[in-house]
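In what follows, structures are represented as structure tokens.
In the two complexes that follow, chain A is the common piece, with chain B as its partner first and chain C second.
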Partner chain A sequence: MAEFFSTYGSLIVSMVLGALLGLSLYLPLMTGQLSLASPGFYALGGYIAAILSTKVFTSSSNLFPLHLLLLEMLIAGLVSGILGLLVGIPALRLRGIYLAIATIAFVEVLRVLSLNLEITGGAVGIFGIPQPFQTQIEYLWIALPLLLISMILFYRLERVRVGRAFTAIREDELAAGAMGINPTYYKVLAFTLGAILAGIVGAISAHFLNTWNARQGTFDASIIYLTFVLIGGSRTFLGSVVGGMVFTALPEVLRGIADSGLFPSWLGWLAQFLRDGRLIIFGLLIVIGTIFFPQGLVTPDIFKMGKVKK
Partner chain B sequence: MNTAFIRTTALLPIFALFFTACSSSTVSTNPANNNATPQTSTVIPIGIAVAQTSNVALLGQEQVAGAKIAEKYFNDQGGINGTPIKLVFQDTAGDEAGTINAFQALINKDKVVGIVGPTLSQQAFSANPIAERAKIPVLAPSNTAKGIPEIGDYIARVSAPVSVVAPNSIKAALKINPNIKKVAVFFAQNDAFSKSETEIFQQTVKEQNLELVTVQKFQTSDTDFQSQATNAINLKPDLVIISGLAADGGNLVRQLRELGYKGLIVGGNGLNTSNIFPVCKALCDGVLIAQAYSPEHPGEINTKFRQAYLDQFKKEPPQFSAQAFAAVQVYVEALKSLDQKSKVNKLELPALRTELNKQLLTGKYNTPLGEIAFTPIGEIVQKDFYVAQIKMEADGSKGKFTFLK
Partner chain C sequence: MDISLFFQQLLNGLSIGSVYAIFALGYTLVYSILGIINLAHGAIFTLGAYFTYALMGGTFGFNGLLANLTLPLQLPFAISLIIGSSLAGLVGVAMERVAFLPLRRQGSDPLLTVVSSLGVAVVIVNLIQYLVGAESYTYPANTFGNLPPAINFGTVEKPIPIRTVQILIFVVSMVIVAILTYFINRTKYGKAMQAIAEDATTASLLGINSDRFIVLTFFISSFLAGLAGTLVASSVSIAGPYFGIAFGLRGLAVIVLGGLGSIPGAVLGGLLIGLVEAFVPAEYSGYKDAVAFGILFIMLLVRPQGLLGRRFVQKV
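Take a look at the complex of A and B:
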């Protein structure tokens, strides 16, 4: 068991972080807004943590103090939230594909900035980020409570007035507006909450990955996070959590299957394909998923299975 | 109701698959994995963590080729005093998280004695601290950025840093044309390697008392360089220095020539691949590129390596393959000398890794790269560097790197 955790420790943490990123993208989707800005805030949060921990909070001790990491997460969340508000108010006047394009542009602006600024280290990025823990798996102390708290909040959110207003806007913005819901207010709220969550996750990831550079928040990343949510299920927060975990783990699970020795030698080519063709399989699953599970793998219907509808 | 049921049933095998994969690797039935514990070993496992997939795979696959030739060559020679080595390959793909996972798998599951990898410096910054904490030696085959051996005691590299290799090509250009005064520099702004390389180039230009007339930036994804090229040509440079990758760098060379630039061109290590021939065709002719490896290097081991590579791939071995071969060779020779002091298959794995790390830093190795050794922090000490010039056939269909004396 110890070997299992030392081998897959970092993967388990990545899965939790993937689930959190899925949730940050799910928030604007709750109000029906296809926003791809999350990777931008994720990158921003990472840069904030990376710069603070390498330049400001330099400590002589072997391990980076945990309370400073929590402080970084707080600052990253705050800055992302303020920026999310500033970007959200004008950008959320756009809808559908136009909003998607505007948010992609926002992510690109941040990426080009990080490539050109001295403080972000240009294309090389920032490396030598101090570690708060001895082993990778211990990041769960930070990531897992964050995920649990977020999930409890999301569970509540989907059942209180604000969450119902989100859903109302998603189903029909005009009708929601006619019923006295202020769509702009709730859309910006959802967008900003997503930005805060992405920023916090970025701060953890920067420490977790040891290094942070401009490749972390790119358009490719946006698409992968969107996959988490769309294939996982965009109608309930559990879809994003499951999607984020399964799709983060998938490439490594395929590697595990290939190495496991389940295949007799005449099937060696299949094991080799699972190992090298992991990304092809990943792409295939996305295509199959969108055809057969247009609502995602986890839908609210699953919870109604016990009840017989007549 | 019905569709929901079908969906849930469809979900089950996915989770089943997931759990099988995780559990089966803990209680592995793979004979190779069981053999990996050195106390009872019949082979000595060495990990190779390079990019076999993603857009970095062009480089990673050359490294796999070099490492495989090394495995066969040294096992044919009797391995570690009779015990054969076994290379364990794990794909890092192109990103940081993938590299961490590959390293974790090699360290904990495959129980290798040392790791060769990863392909990119950015991946190294991410994964090497993990190896450092696990106290397992890492030999970088192609990390040329500043600060790699400084990551820790267990990190070393066989790839000479860009600060040592890059200036050679400028000196070669000055030898060909001593009248060079004005220099224009181009670099790919979004590529970590090009960014650090161009700083070295610009510093060398200043040290040689040349005039740096312009610095132009581009992106590795660009295809149109008209404005940057025109800007530079208007300043009438005698020498152009390009740090970029094969596709963008090749296009830039082509457009510079098409716009009438006649002077010498120096390319960075990113252009050091035959993949640029189809991009700039006949216009590639004459580009100078500094090399850490020459296929024509004299010496028995390089002759054998070159022959094995020629037999298999029908072309001259590239620098990346030679460096991966050299990395495996360093492990093999360090293990051999360690074995003479205390039998390596008697040592416990953690002790073996620590002893191996100490041993490999003290030795001298005669590799295809020439004679190499390491400084105490793990930086390579390499004697021979080369400069190659691209020679294209008139119709632009074929080309090769010819080495300048």
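Take a look at the complex of A and C:
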């Protein structure tokens, strides 16, 4: 068991973080807004944690104190939330593809800033971020409760007034407005909540990865998180969770299959392809997924199957 | 800023801006017909540069499946440019058949098509890396035959040297823009494309086979992307499979600035962003990449329909 955790610990924690990032992108999508801003807030949260833990909270102890990590998560969430509010209020007047493009621009501007500012360490980034745990798997102590709490909140959110307002706006913004729902208020709320979640995850990831640089918040990252949600399922939060886990693990699983030695030598090219062509397979899955599973793999209908038979 | 430097930066800006323009034209054509942003456009741009490189007799690096291979033929630059871009165009058509047509038949949300185009981009970029490796290439030395490396536009005492390749890029791009504008506005095919862009259902009632024109649009669009890729690659070396991603994002800024779906808008937007970038002071050159996106973000907030775009009215 210990061996299993030391081999796969890092992957398991990455999967949990992937699920959380999927959720942060799912939030604005609940109101029908395709926002690709999550990697920007994720990168911001990571930089906040990296700067605080290497420059401000310098402790003499061997392990980075846990309560300071929690404090960093709080600050990262707060700052991301405020920035989310500032960006969200003007940007969410835009719809559909315009909002997607605006959020891409936002992420790129943040990326260029982090590449050029001194405090973010320029292109090299910040490294040697102190570790609060002995082994990587122990990050689950932080990541797993966060995921469980988020899932409970999402479960509730989809059933209370605010969540229903989100869904109403997604289905028909004009009709929702006519029913007395203020679309701008709820859209900005969903966007800001997503920003807060992405910022908190960034703070954990900075410690988890030990280094943080401008590569963490790029257009590629936006695309990957979007895949989590859209292929996982964009109609229920479980889709984002499953999508985030599966798509984080998939490249590693493919590599594992390739290295397993199951392939006879005449199939060596296939093993080679599974190892080096993982991202090609990833891309093909995106295309196939959008064509055959437009609602994603996990849809609300899955839970209704049992009831229909009555 | 002294006058010589000013002219150099002006021509730098026009040169890169004109490539932005033809690249963005491809984006905008697909947008005006289908209402989607094709995120694989940047990948096709890269592909065009690689096709031309191969046709000119370039060798593929040391990594990847095709390492150290060279095509048996060695074509002159101009011919390679046309064939290479046409091959990029054919890839665009194939992409439309495989990744876009099924979604259109299902009547899917256009945003799903955007995601599908993203999948295509991931496949193309990584396939290139798988086949020819990730290192950068330089075009074979004889690309421009006996042309001088730079032409002096000033006097002997006050030289204003401009690189020949930049002048070539500007001229080729402007010729392409002129041909395309003529094609869209004056020919039967162009008018049919405009009719589909206006209202696909009515156009098909009038006997226009919209499917055929969508294929044509994708060919032209991807041809332009491939052409832009080759032109940029001949000015700098091809910087690996990821070469097109930054350019693809820049192209988004260009078309939004000019107005989504507007052809003169794409040209104007491209030239403007090229010029603004060229005049970023050297001490802030690190921020150059943010210029296009800064402009884009402000533009979206102030005037989302772009400089030359039509105001969009929401249908109830």
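Going forward, the second predicted complex is superposed on the first by the 308 of 310 C-alpha atoms of A that agree within 3 Å, B and C clash if a C-alpha of one lies under 4 Å from a C-alpha of the other, contacts with A are read in each partner's own complex, and residues count from 1 in each chain.
Please note the rule applied: a contact is a pair of C-beta atoms (placed from the backbone, for glycine too) under 8 Å apart; a residue touches a chain by one contact, two chains touch by 3 or more.
Bear in mind that the values here come from a model prediction, so they are computed numbers and not experimental data.
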### Message
Quick one: is A:261 in contact with chain B, with chain C, with both, or with neither? Answer first, second, both or neither.
### Response
first
### Query
Does the superposition put A:171 against chain B (first), chain C (second), both, or neither?
neither
### Task
Pick one for A:4: touches chain B only (first), chain C only (second), both, or neither.
first
### Query
Once the shared chain is lined up, is A:136 touching chain B (first), chain C (second), both, or neither of them?
first
### Query
Just chain B (first), just chain C (second), both, or neither: which does A:109 touch?
second
### Query
Is chain A touched at more residues by chain B or by chain C?
B
### Query
So, does A:279 touch the first partner chain B, the second partner chain C, both, or neither?
both
### Query
First (chain B), second (chain C), both or neither: which does A:101 touch?
second
#### Entry: Touching both chain C and chain B, counted on chain A across the two superposed complexes
115-116, 276-277, 279
### Task
Provide the residue numbers of chain A that touch chain B in the complex, in ascending order.
1, 3-4, 6-11, 14, 115-116, 122-125, 127-128, 131, 134-136, 209-211, 213-215, 246, 249, 251-257, 259-262, 275-279, 292-293, 297, 299, 301-302, 304-305, 308-309
### Query
Can you list the chain B residues touching chain A in their complex?
1, 3-5, 7-8, 10-11, 14, 17-18, 20-22, 24-26, 28-33, 52-54, 90-91, 93, 95-98, 100-101, 104-105, 107-109, 121-122, 125-127, 129-130, 133, 145, 147, 151, 189-192, 194-196
### Query
Hey, which residues of chain C end up touching chain A in the complex?
36-37, 98-99, 102-103, 106, 108-116, 118-127, 130, 245, 249, 252-253, 256, 260, 286-287, 289-290, 293-294, 296-297, 300-301, 304, 314, 316
### Message
Taking the touch rule as given, give the residues of chain A at its contact with chain C in the complex, in rising order.
### Response
34, 90-91, 93-94, 96-98, 100-102, 104-106, 108-109, 112-113, 115-116, 174, 219-220, 223, 226-227, 230, 273, 276-277, 279-280, 282-287, 289-291, 294
